[in-house]
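Notes to accompany the following structure.
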Amino acid sequence: METETNRIEAFSDGMFAIAITLLILEIKVPSSDPGSLTKALLRQWPSYFAFLLSFVYIGVMWMNHHRMFNHIRRSNDTLLVLNLLLLLGVTAVPFPTAVLAANLGTPDQRTAALFYNGVFVVIAIFFNVLWRYAVSHQLLDKSLESSAALISRQYAVGPWMYALCMVLAFVDARASLALNVALAIFFALPPHLVRRS
Amino acid sequence: METETNRIEAFSDGMFAIAITLLILEIKVPSSDPGSLTKALLRQWPSYFAFLLSFVYIGVMWMNHHRMFNHIRRSNDTLLVLNLLLLLGVTAVPFPTAVLAANLGTPDQRTAALFYNGVFVVIAIFFNVLWRYAVSHQLLDKSLESSAALISRQYAVGPWMYALCMVLAFVDARASLALNVALAIFFALPPHLVRRS
Amino acid sequence: METETNRIEAFSDGMFAIAITLLILEIKVPSSDPGSLTKALLRQWPSYFAFLLSFVYIGVMWMNHHRMFNHIRRSNDTLLVLNLLLLLGVTAVPFPTAVLAANLGTPDQRTAALFYNGVFVVIAIFFNVLWRYAVSHQLLDKSLESSAALISRQYAVGPWMYALCMVLAFVDARASLALNVALAIFFALPPHLVRRS
Amino acid sequence: METETNRIEAFSDGMFAIAITLLILEIKVPSSDPGSLTKALLRQWPSYFAFLLSFVYIGVMWMNHHRMFNHIRRSNDTLLVLNLLLLLGVTAVPFPTAVLAANLGTPDQRTAALFYNGVFVVIAIFFNVLWRYAVSHQLLDKSLESSAALISRQYAVGPWMYALCMVLAFVDARASLALNVALAIFFALPPHLVRRS
C-alpha cells in the first residue's frame, strides 16, 4: 500500500504548492500618482506582511504534512477524507490572508486577526484529527513509534497557539499579530529546536 | 503500459488539484464600512456554501477517479481523449460555483441551481462514458472484475442524483440545494457506506 | 539519462495542467438584472466557445508532447531551452483566448481571430523546432525510428493549418473560426485517424 | 535519503511551474474602441515585455535549481527551510513583474526597474545561501565535486548582475532594462556558454 500513500502525498503536495503560490495574486499593483510609486509600494505593507506570514505557515504545514506521511505506511478511505478535510483548510488560506491584508491598520484589525487565526485553529485541529486517526488505526510504520509519540505531543500544541493569538486579539490586535510573527520565526528559523521542543 | 496510466493519473491529479484550489479565488474580500467586517464576512455565506459544496464534489470525484484508475491497467488514445473530456468538466467547476454563489438568495437562485447541477450531470455522464469504455475495451485489471462490477453500478447512479437536484430546483430551489448538501455529506462522511451502498 | 527526460516531462505536464485549468478564470460571472440569469449566461457564448476551443488545443498539445517525449530518450541543455520556449507558448494561451472571447461578434472579430491563430502558428513552429532538434541530435530512441518519421511529417502540417485559419480570417472571420472548430473536432474525436493521417 | 530530495524537487518544480504560469494572468484583455483592437494590443507592449523577461528568468532559475539538486544527495530540515526561502522569492515574481509592466514608459519607470531587479537580487542571494549551505554541510554527491566548484563560482555572479541593473537604473531606466534583456538572452540562448563562462 506504499503506492497508495505516495499518490496521496503527490496530490497533497500539488495542493500545498498551488495554495502557497496563489497567495501572491492577492497583492495588487498599486495605482499611484506619477512619480509616487515608491510611496504607493510602501503603503502596501499589510499585503506583504500577510503574504509572508501565510507563506511561512503554509510552508511549515507542508513540512509537517511531509513528516506525518513519512510515518504513515497504510491508507484507507477515511484517511483520504480526513486528508481532504485538512487540504480544505490549506486551500482556504488565501482568503483570510487577503482579509487580514485589507484590514490591517483599520478599526477592523481585531476582527481580521480573529478570523485569520480562527482559520488556523481549525486547520491545526484537522492536523490532529488526521494524525490521531492514523495512530489509533495502526496505519503507522511500527519502526518509527518513538518519533510518532513526539509528533503527537507537538501537534497537540498547535491549536492552542493559534487560539492564544485569538485571545490576545481581544486584548490588543497588534500584540496578537506580534505573536503570529514570533510563531512564524520560531517555525521557520530553528528546525532543530522545533523538533526537540 | 502501466507507465502510461501512471502519467495520465499524474496529469489528472494535477488538474484536480488546481481546479479544487482555484475555487478559493472566487471568494472576494468584502468591502465594508469601518467596524462592520464581521457582518460583511457573514453576509458572504453563499460564497462559503458554494465553495464547500464544490470542494467536496471535486474531492469525491478525485477519489473516484483514483479508484477507477486503480482498476485500469492499459491505455489507448481514445481513453486519453475521454479522460480529457472528464477533466474538461472538472476544470469548469469554478465557474458554475461562482454563478451559484452570486445568485443564492436572489430571484435567480433556481436558474443558478439548475446550471450548477446541470454541469455535474454532464460530468457524471462523462465519468460513466470513460468507465464503460474501459470496461468494454478490456483495459481493466482482470483480477479486479468483481469490484469493477460494483463500480459500474455505483457510477450509473451519479447522473440521476444530480438530475434529481435539477428536477427539485423547479419545485423549490432551497430543497434542491438541501439535497446537494445531503449528497455532499453522504459522499464525504461514510466512505464505507458509499462503497457498499 | 531517462530520469532527465522524466523530470522535464513532469515539469511540462505541470505547466500544461495549470495553463489548461487557468482558462476557466477568464469566464466571469455575468452581472444580470434580477430574473434574467439564463439570458445573461447564454449571452456569454463567446467565452464558452473560446474556452472549449483552447481546452481542446492545449489538450491535444499535451498528448502530442507526451508522444514526442515517448520517443526522446536523452536530454541536453538546448533541449531544455527549446522545451521552455514551447511551454512559453502554451502558458500564453489564456491571453489570446480571452481576447478572442471578448471580441467575438464585434467589429474586432477578425483581428482577434488573427491574433488567436497567430499564437498557435508560433506554438506549432516551436513544436517543430523542438522535435527536429531532437531528431537531428540523435536524442531519440533508435527502436522507434519509423514512428518518429511519421511524427515529423504530421508536425510539419501544424503551422500551415493555423496559418490557413489566419488567411481565412482575412476573407471571413466566421469561416476562420469554423475551420478552428473543425480542427478541434478532427483533433479530439478520431485519434486513430489523426495518428494515421 | 535520495527519496527525500526527490520530494523536495517535485514540490519545488510544482511551485516553479505555477509561478511561471500565473505570469500570464497579469496580462489583461485591453478594452478598446470598436475596430481598434490591433492598436490596443500593441499598446500593451510593456505587459508582453515584462511577461517574457520574467518567464525567461523563472525558466532559468528552474534549470539552475534542477542542476543544483542533481548535485545534492542528502537533505535536512535547514535545507528544506532554505529551499522554501528561495521558493518564496520565486512565487513573488508575478508581483514585481506586474509593477514593471504597469509603469514602463511612465515617470515611475526607474522605481519599477529598481524594485524588479531588487527582488531578483534577493532571489539570487537565496540561491547562493542554499547552495553554500549544501556545500559546507557535505550534502553533495562527492563524485560531482569539480562541477560543484564551477556552480559555486557561477552563482556568486548572479546577485551582482541584478545589482548592476539596479545601479544602471539610477543612471537610465532604459539602459537598465536593456541589460535585463541582454541577461535574459545570455541565459536563454547559449546554454553551453553559460555553463562554461
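Residue numbering begins at 1 within each chain, and the chains themselves are lettered A, B, C and D in the order written.
Assume contacts are C-beta pairs under 8 Å (C-beta built on N, C-alpha and C of every residue); 3 or more make two chains touch, one makes a residue touch a chain.
Just so it is clear, the model here is predicted, and its values are computed rather than measured.
Give the chains in contact with both chain A and chain B, ordered by label.
Touching chain A and chain B alike: no chains returned.
With over half of the numbers shared counting as same, classify the chain C/chain D interface as same or different.
Counting which numbers both chains contribute, under half are shared, so the two copies meet through different residues.
On C-alpha atoms only, rotate chain B onto chain C and read off the angle in steps of 5 degrees.
Between chain B and chain C, the superposition angle is 90 degrees.
How far is the middle of chain B from the middle of chain C, if each middle is the mean of its Cα atoms, in Å?
26
Using mean C-alpha positions as chain centres, tell me how far chain A is from chain C in Å, no decimals.
Averaging C-alpha atoms per chain gives centres 37 Å apart.
How far is the middle of chain C from the middle of chain D, if each middle is the mean of its Cα atoms, in Å?
26
Can you tell me which residues of chain D touch two or more of the remaining chains?
Residue numbers touching two or more other chains: 10, 14, 18, 22, 25.
Applying that definition of touch, give me each pair of chains that meets it.
A-B, A-D, B-C, C-D
Would you pull the chain C residues touching chain B in the complex into a rising list?
By the definition above, chain C touches chain B via 9-10, 13-14, 16-18, 20-25, 27, 29-30, 32, 34-38, 41, 51-52, 55, 59, 62-63, 66, 188-189, 191-192, 195.
Chain D touches which residues of chain C in the complex?
Per the stated touch rule, the residues are 7, 10-11, 14-15, 18-19, 22, 25, 77-78, 80-81, 84, 87-88, 91-92, 94-95, 98-99, 102-103, 106-108, 111-112, 115.
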